[in-house]
Every structure is written in C-alpha cells, then in structure tokens.
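What follows is subunit A paired twice: with subunit B in the first complex and subunit C in the second.
Moving on, here comes the complex of A and B:
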C-alpha cells in the first residue's frame, strides 16, 4: 500500500516536472545563497583561527614593550626568574608578515606546523625553515632558506624559528614580544622588578582580527539569511502550490481508503528526500558562489581590517553540513503549514483546484495582527534599542512585518482600483488580479524583500561612496604626484619643479610596528595642504600647530581602533615617545599610519629620503608640466600621476571592497525574479478555468496574454513603490545602527532617486520577463484545451 | 445484510445557527440488492452517501457495514473499511490525473490487495476502454472518464458500491450504457449498490427505491 501511495504521489511530479523543477531549484537557490555566504565566513574564520593558533593571539597573556622591541637579555632574565615565557619575533618580509617562534617554549609549539614530518631533519631545522601556505611561499623571492608548504599556516604569514626570523629581519638580539604560558610558578618575582620597561597584556579571549571582523561576518550572515528567506518564500510557494494541485488526488486517495497518517508520512518523506537532493545541489552551487565571492571578501577584509584571508576555498564539513541542514529545515518550515493543513483537512474539503493561499478572514486578521506587531516592535527597537543585535533584530522585524503586510496593502490598492474601474474588461481585470493575489503573494513578498534590500544596501554603499569621494577630495589635495626612481633623480626632479610650481611637498614614509601593529610613519612638510584638508575625527586643542612644532603625532583611525589608542595616549616611534594629538579618517587603508612633522621625521629616520612628491600648482598647468617632466626625465608614465588618476584608483579599491554586497544584491533580486516566474508558471496551469469563460465571451487568447503581462507589471510596480520606503528604512538602520557597530563610523544618508528609478525599471523588466513565458503559453493554448474546461467541468 | 443504517442524524453549524440535514434515517441493504436514493436538491442524499461511505462522521446514529459500526472507528479504521469493503463512484469521477487509465482502474484493487489483472482486463474490455488504457484521464471524454471510475470501483470487488449521481455528467444515451454496465457488473460480483440519483428513469432500473425529503425517508 505504501509503495502504491508513493508511486501515485511521485506520478504527480512525473506529469508536472515544472513544479518539481520549481521546488528543487527554489530550494537549491535558497541553500546556495545561504551556504555560499557561510562558506565565505567559514573560510575567513578558519584563516583567523590559523592566525590565532600560529601567533598565540588572544589565548595567552603577553609581555610587550612600549616601543615594540624587547631585548633578548630581558627575555633571558625573565626565564631565569622563573617566568614561563616564549619569545616571538615579528616583522615584514617582502611585504608579508614573518613570525618567529620558539618551538620548545611556545605554548602551541610551532603553531599548526607538524615538526614530526619525516622530511624535516634536525639539520634542516637547524639551518632555518620557513613554513607558509603554498600561495604565500609563491610570493617570496630570492630568499635562500628551506621553504615548506603547510596548508594550516595563516595566509600571508611566514612562520619560522626565532633565530631565523632575527636573521631575516635584521633583529639580532631583539624580540617583538613574549607569550606567557598559562601555568606559572607561584613564587616568581613580579615583572616590574625584573624588567621595569615591559608590561603584561592579559589574554583577550579570541583573536583581535576575529573580533574586529565579527560584525562584518554578521553582516554577511544577515545577508545570507535574507537571501535564504527569499528562497524560502519560493519553496513555501512551490510546496503550497504542489499541495493545492495534489489536493484532488489526496482526496481521492483518502476516499479510496488510503490512511491519512500514511499519506502525511509519505509526503513528509518525499519532501525530505527532495530537500536533501536540492540541498546537495544548493551546496554545490553555494560552493561556486563562494569561490566567486571569496577573492572580493578577502579584499574587503584586507581593506577594512587588514585581516589576511585565504583567497582559495576549501570544502569544510561544517558549512556543507549546515547547508544541507538548512535546506531540510527550510523545507520543513515551508512545508509544516501545508502538512498541518493536510492533516487537519476534512476528507470532503473541496477538491477543485483553487489558489492554495486563498485565506479565510481569520487568517488575514492574524496576518495583519502579526504584521502590525512586528512593525511596532521594529519602531520600538529603533527608538529604544542599542547595539548590533538590536539593529539586526529591528531589521528582521521591519522586513518580516512589511512582507506580511504586503498582500493586505496590495489588496486594498487593488480594491481601490476595482472601485474606480470603468468598462467591463477593466472591472474584470481588477477583480481577477485581486483573485490572483493570494497565489502570487509569496513571490511578491520575495520581490519586496529583495528590492528593499537592494535599495537599502545600495543607499548605504552609495552614501559611503559619496562620503569617501568627499574625503578623497580633501586628502588628495595636491594636483600632481611624482614618483622618482632613486635619490639622485628625486633631487633633480625637486630642483626642476621648484621654480615651476607653488610648492613641492616631499612624501617620506617609514614602516615600523606601533604597539605590535605594522604602521607607516609619514613626515609631511608643514603646509596648509595638510592643515586645511586633513580633518581630524578627534583632536587635542591646537593639534596641527603642536604637531608642526614637533610636540606630538597624529594617527589614523585604523591604528587608534586596533591598538585602542585615544587622544593624549603616548606612542613610541623609532624609540621616541609622542603624544597622540589627532586621529584622522583614513578610509580604505589596511594598515596603521602615523604623522609627525617633517623635521621630527628627519631626526627619527635620517636615512630616509623622499622619492615621492606632491605638487601644488594651478590645475590647468598639470598636463603641460606632466609632459615636461616626462620629456626631461626618464620616467615611466605611471610615475607622474595627476590627482584624478589617484582618485580613480582609490575609488576602484573602494568599489572592490563592496563588490560582495553588490553581487549578493543582484543574486537576491534574481532569485526574487525567479520566484515570480515560477509562481506565474505554476498558477498558469490553474488559470484555465478562470480564463476560459472570459475567452468564450469574446476576449482573444493574445489579449488575455497581454493582460497577464500587464497584471505582472502592475503588481511589480506596486511592490516597488512599497519597497522604496522599506528600503530607505533599511538603509537608515544600516547607516545609523549597523554601520556604526560594524565599521566604527556613522555616515550621512543620501538619496539616489536615479538609482531607485533604475531599480524600478529592473523590477518591471524582471516581471515582464517572468510573465512572458506564461503569457505566451496562454496565447498559444489550444481552443480545445479551453473548451475542456466546459466539457469536463473538472 | 451488508448495510444497516440506524437513526442517522447529521447537523451543521453555520453563521445562522445549527441546521439539520439528516433527521434520523434508518435503512438496510442486502448483498446483490440495488437501491436508488432519490430526493430534491438539499434533501440530504449525498450527505447520507458520504456517511455510509465513511467519508464523513454523523452527529449521531449507527452505520453498520458488514456488521461493523464504522461510526465508532477512527480515521484509519474508516479508511480500512473504504479500502476493503466499499467502493465509491463520484459524480466528478475523481480519477488520479497523473496515472494512466490502466493504472487508475487497478488502483483501488491494488490498494485493497485484491488486484486481478484478468478481471481488470475483462472490465476494461466490457467498459469499452481497451484502446484507452495507456492514456491519461485528461485525454478522455466525460463518459469515458466515468466508465474508468466505475471500472476502478468494481475492479476491487467491494461488498458495497456507493454511487453519487454516477451519470450526472453524461448524456442520456451514454448514461444508459454506463448504468446498464454497472448494474450487470454489480449483479455479477454480488455487490450491493446504493445509488443517489435525480433521474426517475435510472431509479426505475434498481431493485428498490427510497425517497429522501427534508432529511427523512418518505
């Protein structure tokens, strides 16, 4: 009996492959977006974990010095005094991070590296070995040392022993910091007694990078969930329609004596199998999505936080299992209402096809109540909540509340249209559209969410971009930038430029760790170019005057946040202490930056000569001077860059940073368009009994097809109109709540009407494309099929 | 006796209060007997048929099929009775659209574990459906679909055949053919037939008639 019932249920899919396709693809797409985002997150987290394991970050207390350098003698003194500490040497090698650890004393040994590998002889180890991922090793040139590829080392990091690191970094007798083991002898002398210049930093419970980027990943996860929610709307619609279309079969099966319990069990099993299949396809697709997104995510994380994330994806069990679990769970969620209705359905409940979601008055009342409650909750969270989770909770309440309210609002609007309709076709059109609403409402909800997300996120990114452009205008004040090849050429170029321009501003930089973080130190010439344009986010009184007088330094926001430095704190640059007098915005720079005045810089770094110059001059003279420079000196074109070129490059970096959100936006919108297509296609098969009488009374099939397209356009436009305020509310939440928590700065919100108009056109085009196929099918329906409606009265 | 209905009542609650559709119906039916149940629209004919078939539950009363009170059974028990002892021919055919004619005809017999391919072939041939077995219901005319529905019911050799306006959607000539076939086959299988109909002409072909008026047997 079970076999027969299963065979009968499956025969429905065999005869209606489009419905099966809708269900499987809907669920697959939903899973793909979710698992794709999760894969990216899992990969990034794995990179942080590898880094944390390699560097002992966060897990252990550390001994540090204010200038970032610890004498090896201090380490020896601490060990002799009983301190269980392990040395770390850290620096930049060919632009990448080099870490030297002591395998014998480090709490994690050599981190993730397996020293028991048979190929690593004692001789090899004594000669010095660098461990890194193959990608990282490929970037290392001209280093005469044994290199061993290890997939578990953090990306962008070279791992080696202390001695080798000291040799490679020219840090003989110097250490960067000491890792303090968890277990220490009770009777050891206090740190201050042994080495007064060193300080103890307590463990921080998780890596700094992981904590910094948590909010970014939460953002991505929220996007993934939103995409999944849109997908679940499709699945819910597909399952609901499948139930509705199979309702007569279910009734017949029951009437013929098939037990209800077995029927529910069979359908649940069938859905379980389908969800596993669709989940597997979705995970596969998700892998492709993740592989495509990961390089941009890596760029984003590097750009915003300086976090190093592998650009290649690994198949991690946690994400493909979670992908499958969410596919099965999502199907269960989407099917639970239908299964419940089936279990409760009286045998004699109407078997005629009807829109599955045709709701009773009570259901509509509950939906309205839920929508209002959620919107009120969103309002309360906006007014009273604080923090990232309150922000996301508000977003969830707002979006779900608005989605639930959509069919009710559309019903009111369509009712108004019906009341205003003149002419029989118009009256029928509005009434028929209203009747179609329940069947289309889930797809329209998906469209609403996708469009609102699009409006919200694009408003946020565009606002950010506008602010960033303004920032670039301020920061890139010089009209021309010249890069020379060596010191002699620099002197000649400077001499050449001086009589021809207002001022030549040498750009000197040195790289050094400040509080353990790689930092570029600049020494700008005292000039209004900096004073007027480098606006401090926070500053001490007369900050610029003090800095130009050599009384302090300014740092960028990245360094301030990562090293927890506030105005008035003291930092050490090249062994000299400086008070921090200003903190400036430095969007897009991955690493820390510090400014001291020119004379101070020259005293700190007497060997560093400027090879780059900013040139202030009338903008109209730039082309002529560029040509003159190129003619006079043997400089490649790329070495003489005007302001516009640098801005274009910076904006390119910025745009790359937000490629991920853009890609997810497009994917979500595409999924919503797919939802409409599938709903219309599935509804089309149920529409004949409603359209046949109209056809019989004189409307041509092609006219009916045109009306179907018009209906889709009107519904898409109405949804767009409602999506706009929702999207703006979303943007406000992102800018005023989430962005502050995630990135640490609040941005002004700008409106972009042209973008919204473009989005509306996109939605209408998507609706037309989605309606086109069903409309063409309707136009080509054979009259015999329409007549069957009357002859069979099925 | 295959069917015994005792003091069967059914009432519905609506916005305008409770109203009774059946007000204490009692009747019996023996094996091999054919009975036509007539009455005006809304007199409760279809409701009585549904209650007898275990498709719905009465407000009170007893329905004994082959000595078993199906009112006392749970959903699974009633499903078992429908599967093993009762066959229902619906006015709207209720074929399974995704199965072929042949699969539809064999369906209930397979469900009841009494599938007999020879008997199915015989039924198919006598119903004039031999050419249609590989087709799907939507490819058939209304009369053909009704013949499939009857064949499906009789293929399972139920003890009680319930027919709700079985020829209501057919023209007179087709209706006569289908009715004659159904009566022949019911006699041959020694089933009992309870048929709801508006047609005096069809009712005259059964061995017994009952008339329902305002929920009571007249």
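Moving on, here comes the complex of A and C:
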C-alpha cells in the first residue's frame, strides 16, 4: 500500500515535470547563492588565518633589534636567562617570503602545516624541507631542497626550519627577531640586563592585515547573511507550492483510507531526497559562482591590503556542509509547517483551494505586531545600543521587521488604489491584487530583501571607494616618495632633489601617548599639498591657516573617537598644550595621529630628522628622476615610490571589487525573480475559480494575461520603492554603526541614485520575466477548463 | 597539525608508535649496550651521542620545618634523530627538560625543549654541568651539585651533597629490561643530602631531605611488546631499594631490583624476585592510575604498602606520565618516589 501511495504522490511530478524542475532549481539556486558567498568568504578567511598564524604578528610580543638582525648568541643568552623566546629567520627567497621557525620553541598555534605525507624521513627533515602552497612551490626554480606542498601555509610564503632558513639566506649565526611566549617563568632578569641592544615590542591588539581586511569582509559577511535570508524565503515558497498543488491527491488518498501517518512519512522522505539532490546541485553551482568570482576577490584583497589570498578554490568541507544544511534544513523548516497543517486539517478540507492562504486573518495582526516591535527595536538599538553585537542585532531586527511589514504596507497601498479606482475592471483589478497578496507575500519579501541587500551593499562599496580615493589623494598627494636609510643620506638626497623639483616635503613623526593612547605626531611643511588635500571631517573656522601659523593641531578620527576629543578641546603634545582645530579621516590606521606645523614640530622634537620625503613635481618627469635617484644613491628600488602607480593600482583593484558585487547583485535578483515565478505558478492554478467568472463576463483571456503582467510590475515596483529606504538604512547601519564599532572610524555615506534606478529596472524586468510564463499560460487556457469551474466543485 | 607536533612526531623516541614513548622501536645505526659494562668517569657523567636516548633524572623527598612532605623532580632527556653530534641547527640531538614540585595538595610541572648544537641545552662531564635554558645541575664535581629550575608558577634552588658511592644496577650497570635481552646502561647516586628553597605561589619554603639521581642510556631499552613501566626508588630504614616492573602486552611482567645496603653494597635481583601489585587506583587526568601498591622483595623480607603523597602528580608534558613522592609502611617504613608510564 505504501508503494502505491508513493506512486500516486510521485505521479504528480510525472504529470507536471516543469513543477518538479522549478522546485529543484529554486532550491538549488538558493543553495548556490548561499554557498557561493560562503565559499568566497571561507576561502579568503582561511588565507588570512594562515597568513596571520604564519606571521605571528600581533599575537605575541617580539624581541627586535634596530637593524633587523639578532645574533644567535644573544638568543642563547636570553634562553639561558630563562626568557621563553623562539627564533625567527626571515628573508626573501627568489623574491618570495621565507620564514624559518624553530618548531621546538615556537609558541603553539604558530606555523601551521597540515601534513599527511608519510614519506618524510628524519634524514630529509635534517637535510631541510620547505613547506608552501603548491602555487608558491611552482614559482621556485633550482633550489636543491625537499619541497612539501601544504595548503595551510600562507600564500607566497615558504615555511621552514630556522637552520635551513639561515642556510638558504646565508645568515649563519643570525636571526631576524624573537617571538616571546605568553607564559614566562619566575625570576627572569630584565631584557636590558641580558641583551641591552635589543628591545621588546609588546603584542599588538590584532594583526594589521586582519584589521584592514576585516572591513572588506564585513561587506561579504553582510551579503552572505542577506543571501541566506533570501534563500530561506525561496525554499519556503517552493515547498508551499509542492504542498498546495497536491492537496486534491492527498484528500483522495486519505478518503481511500491511506493512513495519515504513512502519508506524512512519505512526503517527508520525498522532500528529504529532493532537498539533498537540490542541495548538491546548489553547492555545485555555488562552486562555479565562487570559482568565477574568487580570482577577483583575491586580487582585490591582495591589492588593497597586501593580504595574499590564494586564487584557487579548495572544496572546503565547511561550505559543502553548510550548503547541504541550508537546503535540507530550509526544506525541513518550510515543510514542517505544511506537514503540521496537513496533519491538523479535516479530511475533506484538504482540497479547498486557498484554504490556508486565507486563514491568516488573526495571523496578520500578530505579524503587524511583530513587524512594528522589530522596527521599534531597531530604532532603539540605533539610538541607544553600543557594541558590535548591537549593530548586528539592529541589522537583523531591521531586515526581519521590514520583511514582515511588507505585505501589510502593500495591502494599505493596494487598498488606497482600490478606493481611487474608477470602472469595473479597475476595481476588480485592485481587489483581486489585494486578495492575491497573502500567496505572493513570501516571494515579495524575498524580492524586498534582495533589493535592499543590493542597494545596501552597492552603497557601501561605492561609498568606500569614494572615501578611499579621497584618502589616497590626501595621503599620496606627492608625485614621488623617497625613503632614505640614514640622516646623512637624507641630507644628500634633499640637496640632490631641491634644484630639480617644485618642492621637497620632509615627512617626520614622533610617537607618544595622547590621553593614554599611542599616537604618532607629524610635522608637515606648510604647503598647498596639505591644505588642498587634507579634508577635515570637522574643523574650526580657518583651521589650516591657524595650524600653519602654529596655533593648534589636527588629529585623526580614531584618536578623536577613542579619547573623546572634540573640536576646541585641548591636548598635550610633548608637554605643550594645543587646541584641536581639525579632525580628519584616517582609514585603516589602528592608532592615533596628530599633526602640528613644521616649525612647531621642530621645536617640540628637535632630535627627530626626516628620513622620508614627498616630492612635488610634474608627473611626467617622475620616471626620469627615479632613475637619476637610483643611479646617484645606494637606494633599493622599493625606497623610491611612484605614487601615481600606486593610486592607479588601488583604483583598478576597486573596480574588480565591483565585478564581484555586481555579479552577486544579478544573482540575488535572479533568485528573487525565480521566487516570484514560483509563487505566480502556484496561484495560477488555484485562481481559476476567481478568473472564470471574469472571463464569462467578457474579459478576454489575452486581456487577463496582460493584467497578470501589469499586476506583477506594480507589485515589483511597490516593493522596490519600499526596498530603497530599507537598503539605505542597511548601508547606514553598516557604515555608521558596525564599522565604527568594529574599527573605530566611520565611513561617510554617499548616495548613488543612478545605481538605484538601474537596480529598480532590473527588479521590474525580473518580475516581468517571472510573470510572463504564467500570463502566457493563462491566455492559452482552454475555454473548456474555464467552463469546468461552473460545472463541478472540484 | 602544526610544525611542533609534526616535528615531535618525527622524533623516534617521542612518538607513541610502539611501546611507551617509542622506546620499543628499532635502532638501526645506534649503538647498543654490551656486557660486561665498563664505565669511565668523569666521561660517563656526560653524553653518549651514539645512543638514541639518555637521561639525567633526579628526584627528591623533602620536608619543610613544619614536617610537610614535598617531592621534587629535575630531569634532562637527550634524544637523537641520528648518531653523532653535528654543529649548529643541523645537530641531530634534541633535549627535553622536565621539572616538578609536588606538595600534598598541588603538583607544579613545566617542560622545556631545545635543539642540540646551538648551546641552548647540553651536558659537560668535567666540570659537570647539565642545562637546558636557565635550568642547571652544576657542580665542581658529581658529588657536589647546585640544582636550579623555574616555571611560570614555581622555582627551586637546591644544594646536593653525596654521602655514598655510585650504585650500578643489574650486572655492574648492564640493566636487562626484557626476556628478549633489551638492556640499558644504568647507574645511580642515591645518597645525596639535599637542602634549599622552594618558591611556590604562597611564598618561599626552606626544605631538606634526600635525593636520588639516575643515569641511564640506551637505544632500545624496551622490547616491542612492553607498554610501560612502574618504577620505585624507596629509602627504607634498613637500606634502599630500586625496583621496576615492565608491563607486557600479554598481561605478564618483567621485573628487576637492586637492594642497596647503607654502605653502598648492592645485590641485584633478576626477573620475578621483586613484586609490585596495585592496591588502589585514582582517576587522574581522565584515566585510572594505580596510586597505592603492595611492594615485596621476599629475599629481604620486604613487604610494604606504598602510597602516593599526592595521587594527582600527573606530568602533563609532551609525553605525559605519573611521577611523585610516596610514603612507605609495613615491614619497613620510609619515603620514596614512584614513576609510572604508559597509562594512556
């Protein structure tokens, strides 16, 4: 009997293969979107982690020397004095970074290498082995050393034993720095007593690389979160469709005496199989999406922050699992409600069309209540909350609240339309659209979230781009930057440059605490380079003129926020009081900064000489001067920097970021469009009893089809209009709340109306495409089918 | 798996592949102990790099002025990836130090690891010095030593003075460890008087007592079917007793013992003469460890109950084991040390 029941249930799919197709593809698309974003995110994160762990920057205190070389004897002296330090040898091997560690003394968690290659022997280990990703190893030529591929080493880095590193880098008896273990024994002599020439650098709050890239990651994480929400709505819609259409079959089976329990079991297992298949397809699709996007993401991150991400994608189990989990879990979530209703409904009520869609009178009140409370909560969190968690909670409350409010708002708008309607057809149109709303609301919520995500993310990325280019203009205003090695060379370079260029701007800095926060103090030369490019976020009137006259100081936003300093407040620099006249954006810088004019700086810090110089000159002369400088002085290439090149590269990188977000935008909209298509298909078959009388009264089938498309366009437009403020609120939350909590600086928000208009057009096109098929189907409905509505009660 | 684990797992004597701590694996190029054992001092206080493993193992039973019992351990292990010394980082020698202080209700442990060849750890025979980092066992000679160790939560500084001769176990220092004939070179100095200061979280404590130093080296002291050992060093009212029981996979034991008269005269006992049976176990670090024993050497009318002063004396080091001071009651009384390995 069970076999027969299963056969009957499955026969539905045989008769409607297109529906099976849409169900599976809908689920697959949702899964693909989720796992694609996850894959890009997980891959980038894994690469950072490897980088951060390999470098060990920030995590541990370090013992360093001024010239970057520590005698191995000093290391032994420290160990024999009880200091738990571990040696690091660092250098370049064929242009790539080589790091040598001592596995016996390295703190745990440093230098991860996953190795399952059992072929290693003691001899190869003592003879020297280097670990790196396969990509990195492939770039190595003619090195007589055992090479082992390991995916967990940071890209572009060779990891090896300290002794092997010394040999490869010709650094016998020399180390680069020492990592200080967190746990140290009692009775340890101070560093200065053992090795006076070395200094101790305290651990940093987190790695610089991680800090900067986190800002970009937030973007992707937010997108992942939103795509998850969109995915859940779609899975829900797809399952609802499958249930709705099989009600008559279920009623008949039950009326024939098929036990309810078996029926529920059969449907549940059928859905499980379908969701696993769809999930697997989705993960596969997600892989393709991620593989297509990842090279751009990798290029973006490495260009922006110097964080290297391997350009190849690995099938990481975490996103395989999360992809399948969202497919199966989402299906289960959606199906449990439907199955519960199936189990509760009276035997014969099962076939009443729209029985469940219409039973939501009381539900609507609860929904309104929930929506309002969530939106109020979001507002309260924005006004009163603090901390990253509050930021994300606000984001969630805002999105869910808005999604829940959508059907109610649409209902109000449609009600308004109905009250203004003149003529029979118009009145029927509004009333009928209103009546369809409950069935379409899930799909429209998905569209709302997809649109809001697109508006929010593109606003954030574009704002970031504008801010960043402004920042580049400010910080890289000079055409050429020269880094000298010592004071003598600095004087020679300055003398060499002076007759050849417009002006040489020395860059010098001192470090001290301002209100307890570590702060770099700069003393720029009075020049239009600074006046024109350093734009203040807030300032006193005439700020630059006052500062150049030695009357005050400017500070960066980080210092202003952390020390709670406002314009007009007084700070102390090297014992002297200064009024704060300007606050400027300093994106990505973890510590405080202050600047006073050159003459004041020289008075405050007479011992500090500039080793770096910015050079203003005609851009076309930069290459020639660079060559002349390198010929005249013993300077490494890296010490002469052409800023135009850096700027062009940075912008190029940003444009690649747009490729990524653009592709994800199209994909989310496609999925939302698919949700609309499925919902309309669901409604199409159920609505025959409502359409038949209209047809009987003289409205042609093609006219009915046109009205269907019009309805979809109106609903999509309304949703888009509502999505715009939601998306902007989302962007504002990310830029002004989450970013401040996470990084201590606020990204200014810019608006991009042209982008939003384009998005709205996309959304309407998606809605039209989604409505097209049901409309064509409707206009081709056989009159006999429409007549049947009057002849039987189904 | 990080590099550290990777490297450690590569070390034959540290891997858990066979027997306890890999002590049962094949030796290939390493030298093996031969009988008759012949020693030459002071050279044999120092290292034997052609043998795979070697240790300088000191345990002490201490008491403070108020009569509280303390235990102390200072151990330096040498393990070789290959024979010979080698210079710089290429040296195949690796060093591991363990230090511990046991009180009746606390156990402080710390570990140090070092590569040979760079001066971070090593042993010189004359003048004698064994060191790893800031830990030292140093003296003008082997009879007068200063012993220092520090950890994150404890430290000690001790003076040692020997009041008796070196003791050679088994056949004049050739100590057989299995029926198949595996053996090590093994001698002890059980006659140290010790005093000094323990630094514990609650403050400094002056202590004094007796210490026992074991020197042992070999390349494969256990046979492949031996999984661990229970080792006793007991200072009784009529003499001292060293006895060990090697546990074999078939459930049988291989035992050996040395009876040490107060003047240093020794009697060696072969397999079966010495008996040790657990009478009580304790849950330690998620495993059952015997912390009460009945120890018998019928030939000397020894039938005593041995109890851990602190049953939680677990050495949570790279290779974990149990090591701590014990009390002795029964036919004889006294203090001693118990080491148990292979309870995983």
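Points worth noting:
We take it that the second predicted complex is superposed on the first by the 455 of 794 C-alpha atoms of A that agree within 3 Å, B and C clash if a C-alpha of one lies under 4 Å from a C-alpha of the other, contacts with A are read in each partner's own complex, and residues count from 1 in each chain.
Criterion: contacts are C-beta pairs under 8 Å (C-beta built on N, C-alpha and C of every residue); 3 or more make two chains touch, one makes a residue touch a chain.
Values in this document were obtained by computation on a predicted structure and should not be read as measured data.
Contact with neither subunit B nor subunit C is seen for A:609 once the two complexes are overlaid on the shared chain.
In the superposition on chain A, contact of A:249 is made with subunit B only, not with subunit C.
Touching more residues of subunit A than its counterpart among subunit B and subunit C is C. In the superposition on chain A, contact of A:260 is made with subunit B only, not with subunit C. After overlaying the two complexes on the shared chain, residue contacts for A:703 are found with neither subunit B nor subunit C. When both complexes are overlaid on chain A, the residue A:434 reaches neither subunit B nor subunit C. Of all the residues in subunit A, the ones that touch subunit C in their complex are 72, 76, 79-82, 84, 101-106, 108-115, 120, 122-123, 125-126, 131, 159, 161-164, 166, 172, 183-188. Residues 1-4, 6-8, 10, 12, 81-82, 88-90, 92, 94, 110, 113-115, 118-120, 131, 133-134, 150-155, 199 of subunit C are the ones touching subunit A in the complex. Those residues of subunit B lying in contact with subunit A across their complex are 50, 53, 55-56, 75-76, 79-84, 86, 88, 90, 92-99, 103, 107-108, 110-113, 136, 138, 141-142, 145, 169.
Interface of subunit A with subunit B (complex): residues 1, 4, 8, 11-12, 14-16, 248-249, 251-261, 346-348, 351, 788, 791-794.
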